[in-house]
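Okay, got some structures for you below.
You will see chain A twice below: alongside chain B first, and alongside chain C after that.
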Partner chain A sequence: MKTKSFLAFVAPSVATMLLLIALPLVGVAYLSLHQSHVKTELVELTTEVPLIGGVTRKQTRVVPQSVLGEDGKPIQVWEFVGGRNLEKAAELNNLAKAFASPRGDPGEKTYLARLYREVTNYDFWSALEFTLLYTFLTTPAILVVGLALALAVNSVSKRLRGTLVFATLLPMIVTPVVSSLAIYWLFLDNAIITNFIEYLGLGKFYFLADKFTIRTLIILYGVWFAAPFAFIILYAGLQTMPRDPLESAMIDGANKWQRLRYVIVPHLTPLLTVITLIHVMDAYRVFEPILVFNADIFANSVQYLTYYTLAFENNIHKAAAYSILTIAGVILILVPVLRKSFREYRIST
Partner chain B sequence: MTRLKLLAAAAAIFAAPAVASAECDIDASGEVNVITNFFETLELLSNVMKECESDELKIDVKLTTQHKEEREQAFAASSSPYDASAVANSSITMLQAKGQLMPLNDLVDKYRDEYNIEDQMLIRFGDEISAIAFMANAQHFYYRKDLFEKHGLEVPATYADLLEAAKVLQADESVDHPFGAAFGGPGNWERGNEFVNILLANGGELFDPLTSEPVFNGPQGVEALELMGELLNYMSPNALTHDFGQVRQQLQQGEIAMAIQWGDQAATMDNENESIVVGKVGFAPAPAMTDGGPPATTFWWDGYVIPKNLDGDPETAFQVIMHATRSEVVAANNDITLWVRSNYAPSEYSKAVIDSVMANAPPYPMNPQSELAHGAIGNNIGDFLGGLESAEQSLADAASDYRSAAIDAGLITE
Partner chain C sequence: MRSRSSLFAQSLTGTGLTAWVAIAVFPFFWMFLISFRAPVDAFSSTPTFFAPMTLENFRHIWIEDGFWRFGINTAIVTLSTIAISLTIGCLAGYALARYRGSLGFWLLVGALVFRALPHVVLLTAYKPTFYELGIWSRYETLIIVLVAINQPFTIWMLRAFFVSIPRELDEAAMTDGCSRWKAFRLVIVPVMWPGIITAGLFSFLLAYNDFLIASQLMNGEMTTMTASLGNYMGQNKSMERLMHGIAGAVSVTIPIIVLIFIFQRQIVAGMTAGAVKG
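Entry: the complex of A and B
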């Protein structure tokens, strides 16, 4: 293809990507380097508010009020703060102090234990801890579960397959917030599962009471939610599996496991790489179960912090800084996978 | 049978505003867009607002629990797509401090007679009327009358009494836990709210009004937080993820014997479709921290504001708001909330709120600093309640987070 026609073909998608991906990213980076607020001064003011039944209460207090500019409008302060938002978001100052001398805690004796305790007390680092845990535990799990499902569906009779594929895809079709809520409701006090456990005579079990069970639930949810994605790609891959090598392997006396290990998995490797790549990106941005379980002392995520800062602190600049940190994290994790697939691509061409 | 009842209830809800409505005769054209939180009363008011729709006038009310993010951005923009919004004590403060709210004085004067606007509906900052309030609310104490009688308990006047009662109820097999309160909630707002309630009743303050520096981490704060830790011993182990909705269910399902809950939820205890403890739940003001002190609760109001930068006509928006909050709507829907208008007839469900007023419960502090401090507290005290660190440390972390947020908001200059 000529360079000119190549450019003409890719121009629309390049333009769309610049407009919808690159430009917002530049905007986020710009926001994260600034801070803005309305200029206020303290004014003594009497406020009057209703209580009930016509009773009101007056209070005189000192309240910040906007300072008006010459045009009669409140003065907007917009300042360049450089890396301050990033530094605050990642709590770098505290981190340095923690490394120098972590907080004394009577329960924890060693330096490392105390350091871990203090660092995971900081929003960003505790969020990062769980985000990484979630990413690195769900990724291998969905590959294994997805492959097992694909093999299972592939081995049943053709008539049943359509229904089975649809049923397996259900977790992926349900909106994540809705499915997170459904899981959460199953495990609340006196919910279906907790009641069932009690009915079995195993006593009352509180799933939302500690770090281990909450984290386990969220990770299991992640596997349940993302495994269908691995399944459908691997199932499609299995349809392209030629019969010849499988039959040769059988003639050579390979058992089921050996055929899987030495014939099927190598055939599916490129697909496994693609699934890993996409799932790592998705998993690193885990958000819905964190929001729904609302247990950020036990399980937090970097993406949730962006939302929290925007929604509850109403600080778009610091939220932008968290976004930048999320993007940086995704890129860092993806580099090894990308390098590997790039190397394979070079070998194959 | 149950389904029939549900249908009847649904029909009643839809029919209610229709009963109330004289037709809405606002002579205007264009659009009125409103954004509000999502709960029953606001849903009702939104339905009443829609009565004003005509060929010329389009009315759109967006009910969403994510109202805050959208409103903050809309009111700060050059032009707001929303012409009005519902706010409360806490959420109005930052908007008002930033000068984004339209003073409603002229509109109130013009329409005072037509809509019978009463003085107690007007939220004033100095001389400026910034919002029109329609309902009030406060959290108070809920308890199981039958269990209190069975064990010979009295309604606790202080939190020390409550802990004593909890010890007795701990042994009662008919409930899972003696006490319930919203110690979790979205963004940990409700956890922070419980701390603010107890802190203020304990004689503490959130911040120094002259410097905006945090003071909630003083001895009164530590006491308040340690009390929350003690209460947790009598609550569900899952309590750190519970919001007010779950506390209501725990009460309705007979899982807990005492709770702190919003006043406007009282009637739901006797809703046969949801509750198995109909007629068994009693209401009283929240316990105090000191003998004879104010109950550990704050007063809230909900009301409508109009931004300065709206893209529609403020007068039309104002009329739509006043149509939805007029006396007839209150009369036709008396029991769904605690209305501010004088024709509201208090019932047994609102008595505890009225008693809280009599016992001098304060309004929730209407300063923008409160909102920031509240958020920072909610976000940090979980570490103490979850057993990860000391109360002092949690509050010190909260104070440092609050300072950082206040600096970004331009309220503290370094």
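Entry: the complex of A and C
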């Protein structure tokens, strides 16, 4: 295909991406470097205050009022503040303080524990902490669960497989807000699972009011939600598995575990890498369970923190600063992938 | 010896799969079941399988809370998003599959980076800009935003499908005198339908499942079904309102279940095309 017709074919798609993804990124950078407020002025306001009967007294007060522009709208003042928003969003001051204050011997275990506790007190760092925890706990879990499911489904009769795939697709395809709600409604204080645990005599659990249980619940939700994705891809990978190596391994006397370890897993390795990449990108933006479980006190995520700042605090500049920090994280995650694909591309040309 | 260990393995597989199906399905099953109940029965201290059934929750949310309006909004937004995103995505995916220059590589890398971005980053920029431009809370705005967010994934997937169609097909058409555009439209698109349907399904899911963007860009009556569920969340809601929310969630789930029933094969094919071939 000629470059000219290539450009013509990709133009509409590229145009929408430039206009609504690339340009907004520039906008976010701009917002994060500025502060804005409504311009106000002090106005002397004279009102008549009633005293007794019909007698009134004039009272003059000085009140701040927004200045209206020629179009009748309040004037917004924009001010360049450089890295100040970012500094505040990352709470660099507090971080520096936490690191500077003496706490006995730096080699001590409690020193690190205390430092960790202090740093994760700050909004952004606590959100980042749980986001990373979620990402690094769910990733190996979905690989293991997905592989186990793929092997299991592969070993049952063809007639059953369709039903199994259908059931497995549910957690992954159903609207994430709805699937989070479906889990949430099981674990409310008077919901079925909570009541059932109490009925078994294991005590009353308040799953949604405790840091440990709510975090566990969100991470289990993450596995439940994403393992089907790993399953589908690994299951497809098993279908393309050549029979010869497996048969020769069996002739050589390899047991089930050895066949899995030395024949099947190496065959699936490229797929395991792809799943890891895609899941890490998705886990980094975990949002719905935090929103639905009202979990942000105990378990926040960078995307929810930014959403909250934008939607409820209405602070676009702070939200933009969080966004910039979020993008930095995305780039850090993608660097190894981009480097690898770039190297491969260079070799192929 | 051998048969005993394989019997053990078989029963282990059977138990594991049964447990998994239960875990995968139960939350939805229970949600469907209690959506037909009064609050007392839905959250009773001794959970029961059989309880009086009622359609009250559905009646209330669909008629009194105006859920039907959000249903119409969802239909307008998702269908338009699918149509536009498939049209421009097919053009780009086809070009990416046939072009050999380095521009194609850079476009795909750029799309990968865009795909990894949390959507709230974009929302931060949309909020003040759209407000200033006066295009807040309009179908067109939400549709074009969803199309753009969809594009990175769509062009990757469609490219994977187009690559699997042999080059000889369009080259033959072009030596017979077709232009590139005609070859694409008359020769390639007709054999691409399975791929287009699959990509359309994923466009649907992205637009339909979106909560973040719709809940912020659309207000009041303009919102979508998924985003409207936000009205029923939160801890300080009455039990009745919670039950209406459950009926709403069930209503949102039904189209998706129908979709999986009809298109299970295409969904599986789409996921594997994106990962295995891409």
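Brief remarks follow.
FYI, the second predicted complex is superposed on the first by the 271 of 349 C-alpha atoms of A that agree within 3 Å, B and C clash if a C-alpha of one lies under 4 Å from a C-alpha of the other, contacts with A are read in each partner's own complex, and residues count from 1 in each chain.
The definition used in the following text is that a residue touches a chain if its C-beta (ideal position, glycine included) is under 8 Å from a C-beta of that chain, and two chains touch if they have at least 3 such contacts.
For clarity, every value in this text was computed on a predicted model and none was experimentally measured.
Once the two complexes are laid over each other on the shared chain, residue contacts for A:49 go to chain B alone; chain C is not touched. After overlaying the two complexes on the shared chain, residue contacts for A:294 are found with chain B and with chain C alike.
In the superposed model, A:77 lies in contact with chain B only, and not with chain C.
Of the two partner chains, chain B is the only one that A:207 touches; chain C does not reach it.
The wider contact with chain A, measured as residues touched, comes from C rather than the other of chain B and chain C. When the shared chain is aligned, no partner comes close enough to touch A:113: not chain B, not chain C. Once the two complexes are laid over each other on the shared chain, residue contacts for A:37 go to chain B alone; chain C is not touched.
In the superposition on chain A, A:311 makes contact with both chain B and chain C. After overlaying the two complexes on the shared chain, residue contacts for A:190 are found with chain B and with chain C alike.
Across the superposed pair, chain B and chain C both touch chain A at residues 188, 190, 291, 294, 310-311, 316.
If you check the complex, the residues on chain A that touch chain B are 35, 37-40, 42, 45-57, 59, 61-66, 68, 73-74, 77, 88, 103, 105, 117, 121, 123, 188-190, 204, 206-210, 291, 293-298, 308, 310-318. Against chain A, in their complex, chain C makes its touches with residues 9-10, 13, 16-17, 20-21, 23-25, 27-28, 30-31, 34, 43-47, 87-89, 91-92, 94-96, 98-105, 107, 109-129, 144-145, 147-149, 151-152, 155, 180-181, 184, 205, 208-209, 211-212, 215-216, 226, 229-230, 233-235, 245-246, 249, 252-253, 256-257, 259-261, 264, 267-268, 271-272, 275-276. Residues 1-3, 5-7, 9-10, 12-14, 16-17, 19-25, 27-28, 31, 148-149, 152-153, 155-156, 162, 164-171, 173-179, 181-183, 185-186, 188, 190-192, 195-196, 199, 224, 228-229, 232-233, 236-237, 240, 256, 271, 274-275, 278, 281, 284-285, 287-288, 291-292, 294, 302-303, 306-307, 310-311, 316, 319-320, 323, 326-327, 330-331, 333-334, 337-338, 341-342, 345, 349 of chain A are the ones that touch chain C when the two sit in their complex. Against chain A, in their complex, chain B makes its touches with residues 66, 68-69, 72-73, 89, 93-94, 97-100, 118-126, 133, 136, 176, 184-189, 209-210, 212, 236-238, 240-241, 243, 246, 250, 253, 255, 299, 301, 338, 340, 342, 344, 346, 350, 353-354, 357, 362-363, 365-369, 372, 375, 379, 382-383, 385-386, 388-389, 393, 397, 404-405, 408-411.
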